[in-house]
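There are two complexes below, and they share chain A, which is joined by chain B in the first and by chain C in the second.
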Partner chain A sequence: MAQLELTNITKSFGGTIAVQNFNLAIETGEFISFLGPSGCGKTTTLRMVAGFEIPTSGTVTLDGVDLTNLPPNKRNMGMVFQSYALFPNMTAAQNVGYGLKVAGKPKDEIDQRVDEMLELIQMRDFSRRYPNQLSGGQQQRLALARSLAIRPKVLLLDEPLSALDAKIRLELRQEIRRIQRQLGITTIYVTHDQEEAFSLSDRVVVMSRGLIQQVDTPIQIYNHPASDFVAEFVGHINLLPVEVAQAKEGLVRLGSQLIRAGQFEHLNGRPVRLAVRPEELKSGFAEGANNLTGKIESVTYLGAIVRVHVDVDGHLVSLEMFNERSLNIPAVGQPYQINFPVEACWLTNGEKE
Partner chain B sequence: MKKTRNRKLPGNSQWQWKNLIGLLPFFLFIAFFLVMPSLTLFSGAFQDVDGHFTLANFSFLQNTFALKSYLTSVWVSLITSVIGGVFGFFVAYAITAERAPRWMRNVLTTFSGLAANFGGVPLAFAFIATLGRTGFITALLKGICFNGAGGTTICPFNPYEHGFNLYSVTGLILAYTYFQFPLMVLTITPALEGLKREWSEASANLGSSSSQYWRYVALPVLWPSLLGATILLFGNAFGAYATAQALTGGSIYLVTIMIGQQIRGDVLGNPNEGYALAFGMVVIMSITIFLYVMLQRKTTRWIKS
Partner chain C sequence: MKTQKKNTWAIFWAVLAMLYFFVPMLGTFIFSLRMKRGVLSFQAYQSVLADSRFLESFRYSATMGIITVLVSVLLLLPTVYWIYVKVPWMRPAMDIITILPFVVPVIVLVFGLIRTFGRPPFQLTLTTFGTDILMTAGYVIITMPYMYRAIDVGMRSMDVRTLTEAAQSLGSNWFQVLTQVILPNLRIAVLSGALICFATVMGELILADFLVRPALGSYMAGIGRSKAYEPAALAIISYGLTWVCLGLIQYFSRGSQEQQLTGR
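This part shows the complex of A and B:
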């Protein structure tokens, strides 16, 4: 049985529906991320799990116990906030020990647990410092330690890294995953950063406009997106308007050029789009693959990656190449040939079936 | 590199002078209306009427009448700052609460801005017109009568029959509270707004009750602000003159009223003794303002973190 279950959760504020028919079962020790753009309902869902919002309908159960109407202080869940929410009048050690203090634990137990937690986040030397004497990264690590000190059943993280700079974000991301694995704690992580969600999570819940779009492992979501929204939101993708040329042969036409796109009889008679990831496209001709010719529209350097836009009969096709020493970078306006495997593309009429 | 070398750094004297020009009107104002009067007051406190140095003006320290005026002033200021502070805090809390309607906040903030500056003769008159012996609220309360036993009429709500007197220290406290609590609302509202919602949520998430949150987080964070604002209220009442003079006609001896009598040049007036009394007030006010600034700094540092 799942440890945490969200069943038919709907939340509306006045006339606005923030979350709709949200169903999710989370196993013990699982790391789940809620991923989506701003306003998609991911934080609202997290707040309903924490007890800061009450669902308009639906239930939240933890280990079979219905928590739906239980106040936040009775739920035994640790939460880490985007803005850290450390108590400014308390030292690092006092912040970590706060949950145990209000629970009436003996001083020895609090001290021991605080030491243990500060050791876990490698901040023992900072125990007497106040939050405003710590860096953003240290504050967030402290917030994590504080939430874990009460030994919560579930750890909730609400965009915990978004206020930090890129390098610290990367370090903390790895630290969060290390600590989560070490403690084996069930974790829900809210983010709009797909890299964060993919690198941390066992499963990702992609949300849009209050609805779950897809729940799956990161690799499945990337390689087999359930909808155009997921395909476009996760990574980069070419979505090219094509015409069905020969349905039985699985051929479509992009401008004047034919592309083999596999089975698509079910899409007969509808306007369709061809989906293919930029990293699946290669330069040159390849036997047995889809080959297209066009001319270079633009070349953009992104550090390790070079993104090239090729104009194929009036349609811009994006491909990404590793910025290797041997890379022969094409010039803008130059004729260019590209190819991609038949199995790397799929057709969509909006929602993939 | 060249630009960096030529740039005027904050330590550069030319840079500093250019920026200080903008503050010139402020410095002039301070010089003419704070420093010079203070110097006159300080020097006057140590001079006799002929301008010779003396400590005789401080003989009031042996005068129980003058010392009592200090005590009354401190007492009235303390009581009104505590009552106004507590009441103002709850009003400010009500308008900054998450679910408080916006209109209520606007109305109360506007009222507070107005009432905090509504002092002196108009305030005294307003109180006399409402709670004076013939004030309309007094008349209203007086008019509530019942038939008692044996055909007698009982009017139990006349406040003046229950020991109330507007022209007493009690009346003064009531009038002062009228402008003290709105000042508290205006002063404490920013500090209450500085309490982050995440703090109460984090506290609840860690298992605390609402009272534990207030005890361990909110009040300690607010404490310097609360105390600082109360000190400000104390200073505000301590320096008030016109309201007390207009309301009680100088029958209650506050320090400010005594100074007024000494400086106005009554028959028994001695301006230099007035300066000495004012010097004592300046000392007390300086201490309160120093404490206020120190405590405000501490709060600001916490809220910024």
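This part shows the complex of A and C:
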């Protein structure tokens, strides 16, 4: 049986539905991310787990116990906020020990646990500092330690890294994962950053407009997106309007050029679009692959990656190449040939969201 | 060159403002020393401090001031907190409600209080205790704009809602959140609100006059009508007391900054 279960959760504010029919079972020790654009309902769902919002309908159960209407201070869940939310009047050590103090634990036990937690986040030397004397990264680590000090059954993180700069974000991300693995604590992580979600999670819940779009492992979500929304939200993708040429042969036409695209059975009418990730596209001609010709529209350097847009009969196709020394960077306006394997593309009906 | 010119003007205006403020003070002070003909002396001060009515009224007003501050904080702190956390859309309404004491003259308030609570079923004006309750209620209303704004500004300077949620997720109930997390961070705001409330009560005249209670304001007004030098001495004394209060606030707020090493 799953440790944390969200069953048929719906939440509406006034007339607006924020979350609809949310169903999810989370195993003990699992790291789950809620991923989606702002306003997709991911934070609202997390707040319902934490007890800050009461679902309009549906239930939240932890270890078989219904928590739906239980106040947040009775749930034993640790929460980390985007804005750190450290208590400015308390030192680092007092912040970490606060939950235990509230629980009426003896002083020795509190001191020991605080020490343990500060050791875990490698901040023992900072125990007497006040939050305003710590950097953003240190503050957020402290907030993490504070939430873990009470030995919560579930750890909830609400965009914890959004307020930090890129380098700290990366460091802290690895630290969160290390600590989570070390403690084996069930974790829900809310983010709009797919890289964060992918690099941290066992499973990712992709949400849009209050609905779950897909729940799966990061690799499945990237390689087998359940909908156009997921395909477009996660990474980059080419979604090219094509005409069905010969359904039996599995052939479609982009402008005047034929593409072999495989499966047609799932399609239900028009328009049809061809989906292919930019990194699947290669330059040059390849036997047995789909080959297209066009001319270079633009070249963008992104550091490790060079993104090239190729105009194929009036449609922009984007491809990504590693910025290797041997890379022959094409010039804008130059004719260009590209290819991609048949199995790397699929057809879809969805309208562009 | 330009900044130098700017600085000169800044100093000029600052000196002008100081003169505007201190010259009358100085005049009052010198005047208060002239009770004895031909020599400067503290005779007026001795006369004031020797008057048992002064001490009595001072003690009465100070007690009322402290009670008013306590009632105001107990009433407004949880209210403002609740508005911030649960019903933030009420804030504009509160802004208007708390400004009302400025709009309604105190004289109207007093007559309202007397007419409502001076007759059955309340009849609070029959006893001094009952009248003191009315006085406190009146003071709380008169000082509400100051106290409300002080607390409001304090709350605005921190993320009340997230701090509350953080404390709740760590197991705190509402009372613990308010007393252990919110209030300690509002200390300076509440202290400065308390000072203004206290000073207002100390100088208040109309409420005490019409409810016939021995407040400092009434005493000062009475002295002012019948004597020449003592009112000046009283003015200087009350001015000094205000500075003492300000100093205390300053002292307490600095204490909390040292506690945090860098301050906020």
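The definition used in the following text is that the second predicted complex is superposed on the first by the 346 of 353 C-alpha atoms of A that agree within 3 Å, B and C clash if a C-alpha of one lies under 4 Å from a C-alpha of the other, contacts with A are read in each partner's own complex, and residues count from 1 in each chain.
Convention: a residue touches a chain if its C-beta (ideal position, glycine included) is under 8 Å from a C-beta of that chain, and two chains touch if they have at least 3 such contacts.
Source: prediction; values computed, not measured.
Asker: State whether chain B and chain C clash or fit side by side on chain A once the two structures are superposed.
Answerer: clash
Asker: First (chain B), second (chain C), both or neither: which does A:Ala85 touch?
Answerer: A:Ala85: touches chain B and chain C.
Asker: In the superposed arrangement, does A:Leu144 touch chain B (first), chain C (second), both or neither?
Answerer: Once the two structures are laid over each other on A, A:Leu144 reaches no partner at all.
Asker: Return first, second, both or neither, reflecting whether A:Ile9 touches chain B, chain C, both chains, or no partner chain.
Answerer: neither
Asker: I'd like to know which partner A:Val102 touches here: chain B for first, chain C for second, both or neither.
Answerer: both
Asker: So, does A:Val114 touch the first partner chain B, the second partner chain C, both, or neither?
Answerer: So A:Val114 meets neither chain B nor chain C here.
Asker: Just to be sure I follow: which residues of chain A are touched by chain B in one complex and then by chain C in the other one?
Answerer: Chain A residues touching both partners: 50-52, 71-79, 81, 83, 85-89, 98-99, 102-103, 130, 132, 143, 146-147, 150.
Asker: In the complex, go through chain C and note every residue touching chain A.
Answerer: Chain C reaches chain A through residues 158-159, 162-163, 165-173, 176, 180-181, 184-185, 260-262, 264.
Asker: Quick check: in the complex, which residue numbers of chain A touch chain B?
Answerer: Residues 50-52, 71-79, 81, 83, 85-90, 98-99, 101-103, 130-132, 143, 146-147, 150 of chain A touch chain B in their complex.
Asker: Show which residues of chain B lie in contact with chain A when the two form their complex.
Answerer: Contact set of chain B toward chain A: 196, 198-199, 201-209, 212, 216-217, 220-221, 301-305.
Asker: Can you name the residues of chain A that touch chain C in the complex?
Answerer: It is residues 50-52, 71-79, 81, 83, 85-89, 98-99, 102-103, 129-130, 132-133, 143, 146-147, 150, 156 of chain A that touch chain C.
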